[in-house]
Amino acid sequence: GEKTYEIAMVTDSGGIDDKSFNQGTWEGIKEYAIENDKSYKYYKPSEVSDAAYLAAIDLAVQGGAKIVITPGFLFETAIYAAQTTYPDVKFVLIDGEPHTADYSTYKTEENTLNVLFDEHEVGFFAGYALVYGGYTNLGFFGGMSVPAVQRFGIGWVAGAYYAADELDVALTFTADHYTYLGSFAPTPEAQTTATAWYNAGVSVIFAAAGGAGSSAMLAAEEGSNKWVVGVDKDQSGDSDAVITSALKGVGEAAIAALTDYYDGNWDGGRTISLGAAEGGVSLPADFSRFGANAAAVEAAYEAVFAKVVAGTIVVPTNDKASLAAFLTTLGVDNAALVAKAEPAPAE
Amino acid sequence: MKFKEMIAKLWLGIKKLFVPSSYSAAVPSFIAIGFGILFGIFTMFIIWMLVITGVFTVDNDPQFFYGITLLLAGGFNQGMYSIGYTLYRAAPLILAGLAVGFAFRTGLFNIGAPGQMIVGATIAVYVGIRVSMPAPWHWMFALLCGMIAGGLWGFIVGALKALLNVHEVVASIMMNYVAMYSSFMFIKGNNLLDGNTSHTLGVRATAMIPYGTSAFFGGYVMNIGIILAIIAVIVIYIVLNKTTLGYQLKAVGFNKDASKYAGMNTKRNIMISMAISGILAGMGGAILFLVSGKYIFVTKDMMTAELMSVGFDGISVALLGLSNPVGALFAGLFLAYIRQGGYYLNLANYMAEMADVITAVIIYFSALSTALYALVKAKKLKFKSRTKSRKKIADEDAGGEV
Amino acid sequence: MNYVIEMLNICKSFGTLKANDDITFQLQKGEVHALVGENGAGKSTLMSILFGLYHPDSGVIKFQGEEVSIKNPNDANRLKIGMVHQHFKLVDVFTVTENIILGMEETKNGFLTKENSRNRIIELREQYKLFVDPDAYIKDITVGMQQRVEILKMLYRDADILIFDEPTAVLTPQEIDELMNTIRNFKNEGKSIVIITHKLAEVMAVADRCTVLRKGKCIGTVNVKDVNVDILAEMMVGRKISFDIDKKPARVSTELFRTEKLSLFNSEKNKFDVHDVSFSVRGGEIVGIAGIEGNGQTELVNIITGLKNLTSGNIYFKDEDITKKSIRNKLELGIGHIPEDRHKHGLVLDFNLSDNLILQSYYLPEFQKHGFLKKNEIFEHANDLIKRFDIRSGAGAVSRARSMSGGNQQKAIIAREISRNPELLIAVQPTRGLDIGAIEYIHEKILEERDNGKGVLLISLELDEIMNLSDRILVIYEGQLVAELDPKKTSFQEIGLYMSGSKKGVINHEV
Amino acid sequence: MTYSIYDLLNSTISTMIPLLIVAVGAMVCERSGVTNIALEGIMIMGAFVGVWVIRAIEPDTNMLALAQSNWDKTLLLFAGMLVGGLVGMLFSWFHAYASISMKADQTISATALNLIAPALAFYIARTVLGGRQIFFKTVFKMNTVGFLADIPVIGDIFFQRVNSGLYVGIVILIVSWIFLYKTKEGLRLRACGENPHAADSLGVNIYKVRYRAVLISGFLAGIGGVLFSVSTAKSFEGTVSGYGFLAIAVLIFGNWKPFRVLFAAFFFGLMMTVGAQHTSIPLIQDLNLPDDFYTMIPYLATLIVLALSSRSSRAPKAAGQVYDQGTR
């Protein structure tokens, strides 16, 4: 017989164990559902296409879904259609906003809630903390060049230079050590590249690349005093070389949306942006891997966190221009690096 | 009158195609399919038992019986809607299978279908985005360009083999990767990326291959890809079996030396063969992406998952279809059907990968069953001949008495 | 009677075909026993059973009076049975020594050692005068030498019962004589020998007794002293066979074909495979090229037909220079070619008979229109040839070539070539491995072509064939033509001397 | 710290070793007359279980993994490789059974294995482990190998920052060479791949020889899978990135001969490293090509080298052909 499931998640190309936002979202949903005794389930579309996403949403709705959570910007077009097809179902779109395929119309119905994150802020904290901890030769691995990942990278660069400026130390961050891997899975290429970077003197790589970060972790552990900054979740458990992680509260966001919905406080038809101020992004509380500097780094992080929340520091977002401007105010000129941060805009 | 004759002839042809000879050739495939599905059901049962007995705990318990019905109902689960979807998914599979099968028939192992699909898709999408043309011509042109690109990619492998003796398997494997990274460069170099994502822009509406009668198939996913695939099947069937070109290509495939002896240009034939195979794969790639809401991603993972894998599926389809064009048609449909069933397994809390396990088992058993079938056949014949000779001896004995 | 081997009531079927049907074969100690019969009579099958390659469906094998079961060649080796196979079973890329020791290798501390084995081989070589270089690679030595390797294989295994399956098909008269002597030596040492052959003269020369098979059945065993060739032939085929070819005098017309200083350099071996070969063929004559296998015949034909590119020289056909023409061009001009290897070049074994019969002409308007094959015409064409050339196969025009017997495969090729009506027919080994009935038929057809005014270039390793058919004989040795002889005025011995390089003439060809 | 030629060679070695081991296995297999395009699948199965076992038995230390002694790491890695190898062997048995005993088409059965391995690994991992990744803690690279590390040049390349897989790879290569050319089993195996009828008529058991060869290749592919995983990331994710197919390419590129295979693997590994480390190699970086082009280098370079060198390539004559006593 068929069972029904009230809370549904539809995954995008990755699975629920992608060590990234799919997994984070799923864990949030599970936590809420188990606590509140709700039925929950995920659906995997048959392929990556708007039609298949829509079909999977259909399936979820037929399976009894009252609220559908979809992590990833890939769902933007599908949700745009689904929100009108199923006015009685609630949609939570993480990392995106519904629009038509050609971007001509953006529309968020009452039954849809969009959740964005200020990844640049947590990237900034990470960069700041690392330089503060004495690491001044940095690199960046992005899984692919999409807005969320770009924001991580831009924040990382900005935070590092900001700290270097504050401490008045020289920072090494060449454009050669900033790359988009084009893969969220570990590959020999990623491992080899990371090894080469570490050999060339890089001491920390921020791996905003899902599972591919695992390749960087291996390279770091093989070196000495080499580190990786994890992403999305606290990855310190995955490797001893993960010095800290850029947390992104997808699970918390899912829980918040579910709580609102079940408590009758659904407030859709809008986009919320979760940054430092909202508790959407942060570094984990444990700074022990900074060794002797741990306390100092923690203190500095808390200070700069407050400044960002207060708006005293405005972290550049995902465009080259704002990063360039930010660096200029610090008296830094690293045009090559800036160009790498947000490659080739279309059209 | 004449029309009637034609119909009669056509009917006869169809009968000849499916009934006695093809049927018996397909028997091993049916045996294999039976085994594969049984194996799948068995696995599902085991998982169910393990969960029920508490050996494993999962988020949602699998529902065994419901799962079986979903699996078997495959592409029929959501009626017309899922039939349409199945046909839509089958088209590229059929074409990939046709590409690999065609090459097999001409003695070549085209493990390069993935790469040919990639370039076919990339070029078709390029034309679909950048060229402005009225509706029917635009998609046709895009499709054609994709086919040419795929053909060219296949041709390179053929030329390397024919002229420089490079083993087509290695060349194909390398060309797959070259295709992938070239495609990335091409897409980025031509600014085809959709700025906010890491995939291409959508193709223009005029470049989308027509999606079929909306009401009938629920209107969204069904497109004429399947019809194009069937046309390709027919064309390839005719080329292989009715034309001098097919005759030559097969001759070279079966026996290169004899073909050379008979005055055929074996090198050219190898190149043509690979080019045709590439054209088919390129067509598959183009059909896969000249679709609304479908984009090429410039990441290794996605390219592998979305395009490369379909090319590799082509090998399965070709093998299951016995390297026969009509076989590829049915094998492609079957694979899409079972995958669709796998997708619906979601509902019964089994993973969709079940379909892949089943497919793999089917392929394995189809390898075995050809042998099993031959064995059975041989045994039967032996038995027959023995009874015959026994009868003969008996007759002779009888004659002796008289 | 003292039998070393008795094979009693042996039956063996392949599918519906009864290859051996209740055959009884008894081998005495120290005798030479010939086994004869047409193609497909079941000779090789019977001996393969004795050697453990096939398993009989029923029947008993006794070794020195005791029933044994021979499940594989190892069992046969243990019983000291050795076999030289019709199709040599050698590994091309191995050395002679490696081929001989395979399966019986010596090791020291787990590693292969060849030294002792090599010495043993040299000993055997001296003892039996079977000269081969133990370190040469099989791919580099002649077929005659390969056969010696096969024989050495048996001797190395101390075989007492030696089976030879058509050992003389590929040898020169001198080599055949040597082999016969070797066989007699074996006999004198007390070894028992089975020899399968199509050449009845050899049976008469060397055998003590002879068993005749026909269509899987045993016709009988006779003492060779008590019979003659004609009786044996009749036992084999079931009818009288005439060994004399009815050959009319040649009516030679003008020159059809000429080669000038053809050469082919083999860069791998750093020598000429074909060196300065000049000769001509006129209409209405058969020019035979005699030679031991591996002396450039294959290469010569390959460069004439275009399968290989030549190094230098010119080829003229009806005074036109066709050196650079493509294979298809040459075929269209009127050159027919019965290839040496019917499986490699002659047929597409996975095509059916009708498709094989249009291998060179499928693209002609006769068989296609707008690129579409005319199935009906192709079928009719096949049926026509099947009738005219008496090609027998299970399913007629649609039988797969692979399923046809060697003789019928050869007939199909000959039918195809002759039906194309070529002016020059190049026939290479047209009757290799065929039985006397088939040979008779093919020889008739070749003579018919000549009598129709066509030129025939016949290349054969069988001296009989060359002598019986040719109007002129050229002898090739190490890639060069060393003699031109008139078959009426020469002898087997003389040709043999030229073939083996013992005698060397220079022929000046001013054509 | 600056990038040096040692870094380049070092990375090359860690890239090439899994490839080499798998290709050597494939070589043994094909030299016996059985083609094996199932390597990808076999690697995945081997890596999956091998890494799983490593995870299960490694000490769950929270210290930097580097603190473990070389000896511990080596033992652990060998345990993983052994299990991976055995699993690969077991898995390859299906290929052997189908293609040798059942005389099935070798492409078909191998394709089936390639299909089933990732699906199965995925399925089992999800159901049993609750996720498809298996993270492990140990870093297998050894910083220095005793006094050997101090030897100039050689020490830098072979005895520093390497994992014990390197030595395994080299040992396997040498053993395979000795096996093929210096033992009677090797002679028989090669005979089976060239002319099985000849071998058969001399009492060599073709089936046994081929079974053994397929199982050896399965064993080596399993080992290769484990080595690949431990030198690629800190986790196994159900994929070996197409290395099984690349190993076939290396085998063909290496012309089915041990030391040429070594060269081919080295060449490919070097190109791969050059492509991945281009930013550190001034000469190459100065070309300023798109990143994707650098990634493409190994494939393109191999293709070019093959085009220049394939004229004389020669596969074992009987490779890929079903052996049937009945046929001649």
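Each chain gets a letter, A, B, C and D, in the order it is written, and its residues are counted from 1.
Criterion: a residue touches a chain if its C-beta (ideal position, glycine included) is under 8 Å from a C-beta of that chain, and two chains touch if they have at least 3 such contacts.
All values reported here derive from a predicted model rather than from experimental measurement.
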{"item": "Chain located farthest away, centre of chain C as origin (C-alpha)", "value": "A"}
{"item": "Intercentroid distance (Cα basis), chain D paired with chain B, Å", "value": "30"}
{"item": "Euclidean distance of C-alpha centroids - chain A vs chain D, Å", "value": "36"}
{"item": "Distance from chain C to chain B - Cα centre to Cα centre, in angstrom", "value": "45"}
{"item": "Whole-Å separation of chain centres (CA-atom averages), chain A against chain C", "value": "76"}
{"item": "Sequence positions of chain D contacting 2 or more other chains", "value": "126, 292, 295"}
{"item": "Multi-chain contact residues (two or more partners), chain C", "value": "none"}
{"item": "Chain B: positions in contact with at least two other chains", "value": "184, 188, 351"}
{"item": "Contact pairs between chains, per stated definition", "value": "A-B, A-D, B-C, B-D, C-D"}
{"item": "In the complex with chain A, residue positions of chain B that touch it", "value": "59-60, 63, 66, 85, 89, 184, 188, 191-198, 201-202, 220-221, 291-295, 297-302, 305-306, 339-340, 343-344, 346-347, 349, 351-352"}
{"item": "Touching residues on chain C, where the partner in the complex is chain D", "value": "14, 51, 53-54, 72-74, 76-77, 83, 85, 87, 89-94, 98-99, 101-105, 107, 110-112, 153"}
{"item": "Sites on chain A touched by chain D in the complex", "value": "15, 17, 19, 23, 176-177, 179-180, 182, 185-193, 195-197, 199-201, 211-212, 214-215, 217-218, 221-222, 224, 237-241"}
{"item": "In the complex, chain B residues that touch chain D", "value": "47, 50, 56, 58, 109, 111, 160, 164-167, 169-171, 173-175, 177-178, 181-182, 184-185, 188-189, 312, 315-316, 319, 351, 353-354, 356-357, 359-361, 363-364, 366-368, 370-372"}
{"item": "Chain C residues touching chain B - in the complex, by the definition given at the top", "value": "13, 15-16, 18, 305, 307, 326-328, 330-331, 337, 339, 344-351, 355, 359-360, 362-363, 368, 371-373, 375"}
